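Note that chain A is present in both complexes that follow, paired respectively with chain B and with chain C.
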Partner chain A sequence: MSLEFRTLQPAQYVRKHIEAGFRPDGRKLSERRPVSISSGHIKSADGSAIVRQGNTTVVCGIKLELSKPATEAPNTGFIVPNVTLPAMCHPSVKSGPPSADAQSLSTFIKEVIESSQLIDPADLCPIPSKAAWVLFIDVICLDHDGNIKDAAVAAVVASLRSLKLPRVEYDSDMEKICVTSDFVELSLRDLVVSSSFAVLDVGSVNLIADPTWEEEERVDSTITLVLFESGDICLTAHSGGLPISQQTLQSAMKLATTQSKEVLKALKLLK
Partner chain B sequence: MEEDKSSELRPMFCELGCITRADGSCIYSGGDTTVACAIYGPGEVKQNREMIDRSSVEVLYRSRVGLSSIEDRKRELFLEKTCQAAILSALHPRTSISINIQEMQDSGGLVSACLNATCLSLLDSCVPLKFLFAAVTCVVQSDGSVILDPDTKQRSKSKATLVFVFESRTKEAISTHAEGAVSQEKLQQCFIVAKTAVEKIFQFYRVVIGRKFSKDAL
Partner chain C sequence: MSARYDGRMNNQLRPQKASQGILFKADGSARFSFDKTSALCAIHGPLEPRYPTVNSNLIVRVITSSGSLTSPSTMSLAATLRRIFSNVIHLPFQPRSEIQVAVTLESDLGEFALLASSVNAIMLALMDAGVACTKTVAAVCIGINREGKVVLDPGAEEAKGLKSIHTFAFDNHDKSHMVFSSGEFTLNDMKISTVTGGAACRMVLGFMRNVVTQKAERDQKCLL
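Presenting the complex of A and B:
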């Protein structure tokens, strides 16, 4: 009986659950799905991580390439993030050029990295004006059950933590750049955690944490807060159109601060 | 004596109906930042974008120089989500409303200029709307001071940039985009500063539309 209701009237199905105070998967309204992160398993990549958040599964791989730094920025390396939503992740995703969603996720990751200043750009340039690292950060969603933003940010931070940069030497007599087999750890300035909420107008309920695909589809508005370990905000992204009051913004910030502690614990356990 | 311009919006200027072939258009400038917007719709829709219960809202943004980048896609998606919320798309099923934006000059606050230009063009094209929307940009400097509607110089010295989009009925925020590290208190402070300033933009809309329908314009 409830399967028919779920298929034929999905919006009502989700709404009825929320009115009763819980979600279709049994979670409380402000409860986040348990997150499991593991890193360093993909040996062909220089840094990697896999994040599972409920059913949502995201893999991140980082490949390093050596390149000449730009003339206007001779001391900085390059960070190139890219998020792919392949056709396998969800029946509604078709193969072909990156969709607007995938492109928007790529810019989101780029903004998080730039805004948080996780990596000191000078760390990526072992020999100024001659050799700079290019970090190709590829995030691939294997299973899309909502809230890829949070999983993607966790995967990127975890893989950056697992990344080891080979030491680079410059032989000035021969004018050659040698990549040695010694490794230098990349130290991150801080850790960031993303918390996304769906914005609703169901009775007195305004926010539900970590929406699944089913919930994300029925809701127009989401708000994502990316927080540092200290609680300061690195990035805020809210769009969709349902208005949020200052109180809602405040509750979102409070929830994000509490929830990010669990993910931070998982990230710190990796090393 | 220098005036404290940090909590003022730059002077706004708008001309409606300048792109004659479009259903609605405007050239809007806030300070030196200028944006042109043209709206075609509700009109024919491509089959793959056709929706049976409402109109498909499509945003196309072109920057002044260079090819399209994924930055432009992100801007388009941000605008699209805001417009979809504002437009009564259920009144025009199986059609498309196409919003075309051309950057003419970027002197800071480009995204808010695009949003404001879009709202004015939607009014000019008489597309049915649930509410009006207006956007405000503010930046946080390294000393913690908040500057409203920054120009290029102020933006380059800033630590964080925040864009808030408010709607005209409840005066609450329908979209937010904040980049750069800020404390939670600072975010709240910027929210309040932006919310106070957005009143002027809604008043500006009234003046512009009033001018369009006034007898002097004929």
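Presenting the complex of A and C:
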């Protein structure tokens, strides 16, 4: 009976649960799914991580390439993030050129990295004007059960923590750039954690933490907050859907602060 | 309070310019600019949709000044604008039809204010096209500088030196339709910038009201 209801009236199914104060998978409204992060397992990548958040699984791989820095910025390297949603991750995803969702996620990751200044671009330029690292950060969603944003940010941060940059030397006599087999640690300015909430108005406005795919599709809008370890906010994103009041934003902030502690713990365990 | 790079005070927006009905083939068009940060919007609709749906379908395309249509940032911006205007346009008004919105970003300094200009240009173009809307929205960019002071409508270079940047879109009922904040800020910063953002959006809505009124008066004179 409930399976028919779930398939034929998915919006009502989610709504009835939220009205009663819990979710289809039994979680409380403010409860996040347990997160597990592991890093450094992909040996062909220079940095990597896998994040599992309930059923949502996201893999991140970082590849390094050496390049000449731009003439107008001779001391900075390049960071090129890309998020892919392959057709295997969910029945609704078709194969073909990147969808608007994938492009939005790529832009989101780029904004998080730039806004948080996680990496000092000067760290990526071992020899100014001659050699700069290009970080190709590829995030691939293997299983899409909602809230890829949070998983993707966790995967990127974990991969960056596992990244080791080879030391680069410049031989001025031979005018050659040599990549040695020594490694230099990449220091991250701070850790960031993303917390996304779905917003559903069932008479009162409810914030739903870490929505599943089923919930994400059927809600009025979503807010994402990216917080530093210190508690300061790095990025806030909400667009369209239900207009958000200041109160809702504040509640989201409070929830995000408590929830990010768990993810921070998981990130710190990696090293 | 010391003056900023262009002589403005912290609570002053850049001079706004807007015009409607500038493209003859489009059903509605408008250009909106905060000084040099300018966006041009063309609306075509209602059109025959590819797949008829109960509510009319909204398609938003964003093109940069260099002609780029499908880069991640333009597709992301288009998705954002679509989410905002799906709530502004009264989509059930014309079922089984399509409304196409094409936005051209006319400057490429990478300013945050381009998002705000795009929202304002689309709103004016919708009014020019006579598309049924349930509310009017206006967007504005706010910054918080290193001294913790709120700074309205930062320029491209000025924005690089700020501690955080917030782009807001509020409607005529003072409800927030879009918040994009980045940088480093606290909950208190968010509260202050939201209040300032709301007030600034009201100012821009007032400006848009003037533009529409003046155009209506001009059109009346032409008819007589």
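Here is the rule we go by: the second predicted complex is superposed on the first by the 269 of 271 C-alpha atoms of A that agree within 3 Å, B and C clash if a C-alpha of one lies under 4 Å from a C-alpha of the other, contacts with A are read in each partner's own complex, and residues count from 1 in each chain.
Following the convention adopted for this analysis, a residue touches a chain if its C-beta (ideal position, glycine included) is under 8 Å from a C-beta of that chain, and two chains touch if they have at least 3 such contacts.
Everything quoted here is computed from the prediction, not taken from an experiment.
Partners chain B and chain C, once the complexes are superposed on chain A, run into each other and clash.
In the superposed model, A:235 makes contact with both chain B and chain C. With both structures placed on the common chain, the touch criterion links A:106 to chain B and to chain C. Once the two complexes are overlaid on the shared chain, A:115 sits against chain B and chain C alike.
Of the two partner chains, both chain B and chain C are touched by A:246.
The interface of chain A with chain B overlaps its interface with chain C at residues 100-101, 103-104, 106-108, 111, 114-116, 221, 223, 228, 231-246, 249-250, 253. In the complex of the two chains, the chain B residues touching chain A come out as 70-71, 73-74, 76-78, 81-82, 84-86, 160, 162, 166-167, 170, 172-184, 187-188, 191-192. Listing the residues of chain A that touch chain B in their complex gives 100-101, 103-104, 106-108, 111, 114-117, 220-221, 223, 228, 231-246, 249-250, 253, 257. Against chain A, in their complex, chain C makes its touches with residues 70-73, 75-76, 78-80, 82-87, 166, 169, 171, 175-187, 189-191, 194. Contact residues of chain A toward chain C in the complex are 82, 97-98, 100-101, 103-104, 106-108, 110-111, 114-116, 221, 223, 228, 231-246, 249-250, 253.
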